[in-house]
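Both of the next two complexes hold chain A, though its partner changes from chain B to chain C.
Coming up: the complex of A and B.
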């Protein structure tokens, strides 16, 4: 197994994963989407709401606000010592109190005041509701760790996807430089330079085979390497992408451990 | 994860993996099939909303199917560790730190 990072920034990562099968890669992708825990608001107590929106719509919008997650300080409620009732190890309280005193105003995610300075909205500019003069919104919200399989608001990523490494085979003997494939490629990978067909960024190929179809001489062939993947992760900002991957692979190892443990128990009987 | 053994002989094993899904079962199936002593491995999820996949393993009799599952799980763990190492190395080796 070998990994080469192609691109990386604060919220996203793109890498090449070599010498693994799809089963492993897909497990990893599925764990990232459904099992890496993140923080999100799950319980809201509305104290006063004279806004035009119903309580439940506001609660739903609050739930969808991505919160920066600290996985070292919090545990999933079902794994918490409190038994899921809610304590300082598994829950964070956020409060919001806004009144439109001088005319219409918008309530933003930035108005939420968190009990823990580490658990704050990823962006302060997510609108929640617009208030007219005199309207008021006062509430208490409780955020907890959760998993994407329960609700999409707990997904740490907006994109976690992979594709096989494309292989573009060009038969220079057959090619007559007609340029039909250059026209056909939706990703503009191919180019005619001084009467010679040049292959550009292979990673960008989406394996559509439009070039193959366009070529009457069968000079261009598209295939892929099914043991090499281009893996893309776009985080929502709740966790750094490298942490998301580390957590995912940790969860997979835990699953394997549990399976070994359970099977050893059966073996003894 | 909760395991319920449905059938067990010296060359056949069927069990229910409560709380798991395609994420683990598909990988487990794949790794089991790489074992030379395993002649068949598969799983099915009878209802998509009830997460109780049934895994079935059959061996040629040379190996206890339960042992085959344990070996496969150990291989999965090794793969996970290999990935972790490769990933941390790639972070170190690149100009991203």
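Coming up: the complex of A and C.
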């Protein structure tokens, strides 16, 4: 098994995963989406709301605000010593107290005040509700760790996807540089430069084989290795993308251990 | 403070309303009243 990073920035990584089967790759994808824990608001205590939105709508919107997550300082409520009732270990309080005293205004995610300066909204510009003069919103929100499988607000990514690494095979002897394949390619990967066919960004190929179909001479062949993948993870900013991958791998390893444990139990019978 | 007059904006209780027959603001006589939101605290799940 091998990893080669292709692109990496603040919120996303694209890497090549070599010498693994598709079941492993897919398991990673599924765990990233559904089981990597993330912080999100789950309980809202509304003290005053004269806004045009119902309490429940505002609570729903608050839940969907991505919150920067600290996986080392908090635990999933199920696994907390307090039994999930809500202690400093599994819960973070955020308060919101806004009144439109001088005229209409918009309440933004930036107006939320957190007890833990590390657990704050990823962006301060997310609008929550608009208030007319005199309207007021006062609430206490409690964020906890959760998993995507319970509610989509706890999904740490906007994208977690993979595809096979394409192999574009050009037989230079058969090719007559007619350019039919260049026209056919929907991703514009092929180019005719100085009378020669040049293969551009192989990573962008979607394996449609339009080029193969366009060629009358069978000079170009598209294939892929079913053990090599291009994997893309685009986070929402709640966790660094490398950390998301790390946690997913840890969870997969735990599941494998659990399986072995259960199988040992069955062996005895 | 359960009720608010739509015209003069004065607040009144259910008791105050009984003063006049029918639904009428006891201060300005206007017949449209809003029921104000009770001051209770609500716990809501953010789902």
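Note that the second predicted complex is superposed on the first by the 264 of 269 C-alpha atoms of A that agree within 3 Å, B and C clash if a C-alpha of one lies under 4 Å from a C-alpha of the other, contacts with A are read in each partner's own complex, and residues count from 1 in each chain.
The rule is simple: contacts are C-beta pairs under 8 Å (C-beta built on N, C-alpha and C of every residue); 3 or more make two chains touch, one makes a residue touch a chain.
All of these numbers come straight from a predicted model, not from anything done at the bench.
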item: Partner chain in contact with A:176 - chain B first, chain C second, else both or neither; value: neither
item: Contacts of A:59 with chain B and chain C, given as first, second, both or neither; value: second
item: Between chain B and chain C, more extensive residue contact with chain A; value: B
item: First, second, both or neither for A:42, with chain B first and chain C second; value: second
item: Touched partner set for A:191, first chain B, second chain C, both or neither; value: neither
item: Chain A-touching residues of chain B, taken from the complex the two chains share; value: 1-3, 5, 8, 17, 20-24, 26-31, 66-67, 69-70, 73-74, 76-77, 79-84, 86-87, 89-91, 94, 96
item: Contact footprint of chain A on chain C as seen in their complex; value: 37, 41-47
item: In the complex, chain A residues that touch chain C; value: 40-47, 49-50, 55-56, 59-60, 62-63, 141, 151, 153
item: Residue numbers on chain A that touch chain B, as the complex places them; value: 1-5, 8, 15, 20-21, 23-24, 26-28, 30-31, 34-35, 242, 245-246, 249-250, 252-253, 255-260, 262-264, 266-267
